[in-house]
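See the structures that follow.
Next come two complexes, and both contain chain A; in the first it sits with chain B, in the second with chain C.
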Partner chain A sequence: MSLLKGKQIPIGITLVVGLMMIVNYYFGAALPAVKSTTTLIQNWTVIVAAFALIIGLINISRIHINHLLKRSKGQWFFSLWCLAIMYIMIALGLFGTTKNPGYQWLYNYVFLPVDATMYSSLAFFISSAAYRAFRARNVESILLLSSGVVIMLMNAPIGEIIWTGFPVIGDWIMSVPNVAAQRAIMICVVMGSVSLGLRTLLGMERGYLGREE
Partner chain B sequence: MALISHQSGLLTLIIICGAVLYMIYRARQGLESEVRRVAGIDVIDEAIGRSTEMGRPVHITNGLATLYSSGSPQTIAGLSVLSYVAKKCAQNGIPLITTIYVPETIPIVMEMYREASVLAESPEWFDDYNIRYMSSHRFSYATGVQGVLQREKPAASFLMGSFMAEALIFAESGYLAGAMQVAGTAATSQIPFFVAVCDYTLLGDELYAAGAYLSQDAVQMASIAGQDVGKYLAMILLLVGLILSAMGSDWLVNILKL
Partner chain C sequence: MIASAKEGFWNKLQAIDQRILYVLIIVVVALPLLRPLSLPITVTSATRTAYEKVDEYSGPGSVIVIAYEFIAGNWPEMGPIAVAMTQHLFRKPDIRIILLAMGRDQGPILAENTLKYIDEMGKEYGEDYVNLGFFAGAEAAMASFASDIPGLVKKDYYGTPIEQLPVMSGLNDLNDIDMFLCLWSGTPGWGEYLRQWQTPYGITVIGGTLGINGPGAQPYVSSGQLKGLVVGLRGGGEYEKLIGKPGEATSGLDAVSTTHLLIIAFIILGNVGYFAGRKRTGGEV
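Entry: the complex of A and B
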């Protein structure tokens, strides 16, 4: 019973499956049994994770039904709208597949435009973030400001008209210092991934298990 | 057909894993490894303290990477931070709002909340209303998180995990809500946005180290020191590659392609 209460079983499964994935990556060509087993496990993972969407559905429903029941001020009508749209989409998708005209209409004429609107709002967030970040307070921010201005002029058609050197300098900034810094971060990320992976396989990193003990 | 693929990668993996395991062994023998301070992790307590003083909630989100994608290490690392933040919030008695994109993390987060409330001997702290699944569509999730930040005005917001274009929406909304923000991601395309907007940013491997760092466990900290050996190896390879490349030799490139 104590074994079931503890984390030994999930840690053991993690260790075995994790090692199997590593063996498959490097020796998969020589070990077809391992390759087929890992493919099967990966398919299971996707299926299990898809079922987690039901948990998400329950979570959203509980939160918004609660708002409706309490008639939360300034919230309950949004909750009603959220639940109505969510369940209409689910019903149309389940009973008429995603090819259902109603589902297609909601997706193409409600969801996609709203989605695109959210994406485009990013332009304003970038402007306000740039306004604060591009203040020449110290040497680093002066470097950031000047490189930002050059890159902006490289991408804007007027930049090349002002001075033909902007695209050349901008291209150099993007392909030399920028790539160098990104690769340095990527190398560190890989080292960090290996270390985290090892800690996870050894059962030292238990964040993914929920409880520590 | 070669029986072993990515031979150079396997050798590198063995060297890095060997170094990490050696450091863990040293730590178990009582020899502590020195790990540099990471300001972004040290400041987590300060951000929670700020929320406590202001009587406002704390917000955390773990980004987009599912537990079966290549970005899953970021989610796992983010969950470790969440676990720590939940315990601190439960101790201080302030609400922690977790916004979720990856539905399979909901039960994990619930367990963390339960454990935090038990450890703080404060069962009333656990309120599953604060664990909010938004959507598994990126901009619907972004809209939901933005709404939470704007309506509930958290005094601290932690953005820990894999993010894409929505990163700046979160960071800017958090700024407008007056939250102290600590972000951590290994997504190089989003790091500049976080650096520009957030108060502190964990760059790449610092996020992965967060769980071990926050645990303050000497053995786990030693594993962070072990990964530095890999960085030294990368530096040596870069230097040798640079010299050989300048001499017109592709020898190292061909070896690494094996």
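Entry: the complex of A and C
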């Protein structure tokens, strides 16, 4: 019973499945039995992940129904709106498929422009941040400032009208210093990922199992 | 009194009210959209390479997968890339095109939106192209598709069994796919496809992504893991020029030019204020 309450079973499943995936990745072609088993498990994962969407639906409903019941100040109206739109979209999608004209209309004429507007509003914040942060205070900031300006001019057609050298310098910045720095970051991330993967397989990293009681 | 007024002026140059900047941005974005400047667009080598690689790997008999891994909010920047690259492929004779998404659930509907903007050139749904929809599970779904297509894909986006779709016939795993067009905006996206598709199967990948992702993806272009990469609205505009079909990116690039110039002007003003103020205070700011 204590075995069921504890975390040994999930850790054991993680270890076995994780090792199987690693073996399949490197030796799958030579081990057909391992390959077919991992393919089956991967297909199961897709089904399990689909159920995670239902958990998301339950979670978001619970949070917003709670706000509604408590009449949370400055929030309940948005919660009502969120739940209404969410369930309308679900109903239209489930009963009329995503081809339903109502679903298409809500997606293309409400959701898409609203989402694009939110994303586009970044232009204001980035402009303001560039104006305030790009000060030639020292050598490092001069390098940042000058490369930022060159990349901006490289990405805009007006840049090469001003000077044909901007795309050339911009291309060099992107393919030499940028690639060097990105590769260094990637190698560090990969080393961290390998370490995290090993810790997870060995049961030392248990964050994915939820909070310790 | 005059000296302090001058100091105040230089300080003000460094801290212009952001509302003024915001209003000016609205103006410089709106004006070129209402009255296009029609600035010439030069095709960069990166976009030309991507275009040429698409040509090279989409010969008769090819099977090509396009993944729409972006969301509605990215449409203004990703939409033109998706439309231009999809249009380019639809012009190729005797190829099979598979549209899908495994990282972003909005992918299938954005694929449908893309198809609304293109000329299908007589290609028929189910025969020449198919929208397989969204597969939950991200990296696991990618791995599953790569090793066993019939095991994962049972129906298309509209519920038609794949046995009834000739476009899917004879496709068993990723080795049967000739080229992959990865249109991504974040995670899950290229990074996951790199691990599950490109590295183990060596599939030819051409990418299209947001301007903000361009620098991060550049090492994969240098290493050859991405055979070509189309980046941001600029890349979209260049690709539209290459296929000879100007679209939203071409019209939006004028606004990019004016906005970037405005930002640079503000950066110069800020620095003029900074150095003039420093000179007056003897180096202390």
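The criterion applied here is as follows: the second predicted complex is superposed on the first by the 206 of 213 C-alpha atoms of A that agree within 3 Å, B and C clash if a C-alpha of one lies under 4 Å from a C-alpha of the other, contacts with A are read in each partner's own complex, and residues count from 1 in each chain.
Everything that follows uses one rule, which is that a residue touches a chain if its C-beta (ideal position, glycine included) is under 8 Å from a C-beta of that chain, and two chains touch if they have at least 3 such contacts.
Note that the structure is a prediction, hence the values are computed from the model and not measured.
Q: One more residue to check, A:D171. First (chain B), second (chain C), both or neither?
A: Touch partner of A:D171: chain C, not chain B.
Q: Contact-wise, after the overlay, does A:R135 reach chain B, chain C, both or neither (first, second, both, neither)?
A: Touch partner of A:R135: chain C, not chain B.
Q: Which partner chains sit in contact with A:Y25 here, chain B, chain C, both or neither? Use first/second/both/neither.
A: both
Q: Identify the partner contact of A:Y119: answer first if only chain B is touched, second if only chain C is, both if each is, neither if none is.
A: both
Q: In the superposed arrangement, does A:T45 touch chain B (first), chain C (second), both or neither?
A: It touches chain B and chain C both.
Q: Using the touch definition from the top, say if A:K99 reaches chain B (first), chain C (second), both or neither.
A: Second partner only, chain C.
Q: Counting only touches as set out at the top, which of chain B and chain C does A:L196 meet: first, second, both, neither?
A: A:L196: touches chain B, not chain C.
Q: According to the stated criteria, A:I161 is in contact with first (chain B), second (chain C), both, or neither; which is it?
A: So A:I161 only meets chain C here.
Q: Considering only the contact definition stated at the top, list the common interface residues of chain A for chain B and chain C.
A: In chain A, residues 25, 28, 42, 45-46, 48-49, 52-53, 115, 118-119, 128, 130, 132, 182, 186 are touched by chain B and also by chain C.
Q: For the complex, which residues does chain C have touching chain A?
A: The touching residues are 14-16, 18, 21-22, 25, 29, 39-42, 44-46, 71-76, 105, 108-109, 113, 135-138, 140-141, 143-144, 147-148, 151-152, 157-159, 200, 211, 214-216, 218-219, 221-222, 232, 234, 237, 253-254, 256-264, 266-267, 269-271, 274-275.
Q: In the complex, go through chain B and note every residue touching chain A.
A: Contact set of chain B toward chain A: 1-6, 9-10, 13, 16-17, 20-21, 24, 66-68, 73, 75-77, 79-83, 100, 102-104, 106-112, 114-115, 128-129, 131-133, 136-137, 139-140, 142-143, 165, 168-169, 171-172, 186, 188, 191, 193, 195-197, 203-209, 211-212, 217, 219-220, 223-224, 226-228, 230-231, 234.
Q: Which of the residues in chain A come into contact with chain B in the complex?
A: Answer in residue numbers: 22, 25-30, 42, 45-46, 48-49, 52-53, 55-56, 59-60, 62-63, 66, 115, 118-119, 121-122, 125-126, 128-130, 132-133, 182, 185-200, 202, 204-205, 207-212.
Q: Which residues, counting only chain A, touch chain C once they are in their complex?
A: 25, 28, 35, 38-40, 42-43, 45-46, 48-50, 52-53, 97-99, 107-108, 111-112, 115-116, 118-120, 123-124, 127-128, 130-132, 134-137, 145, 149, 152-153, 155-161, 167, 171, 174-175, 178-179, 182-183, 186
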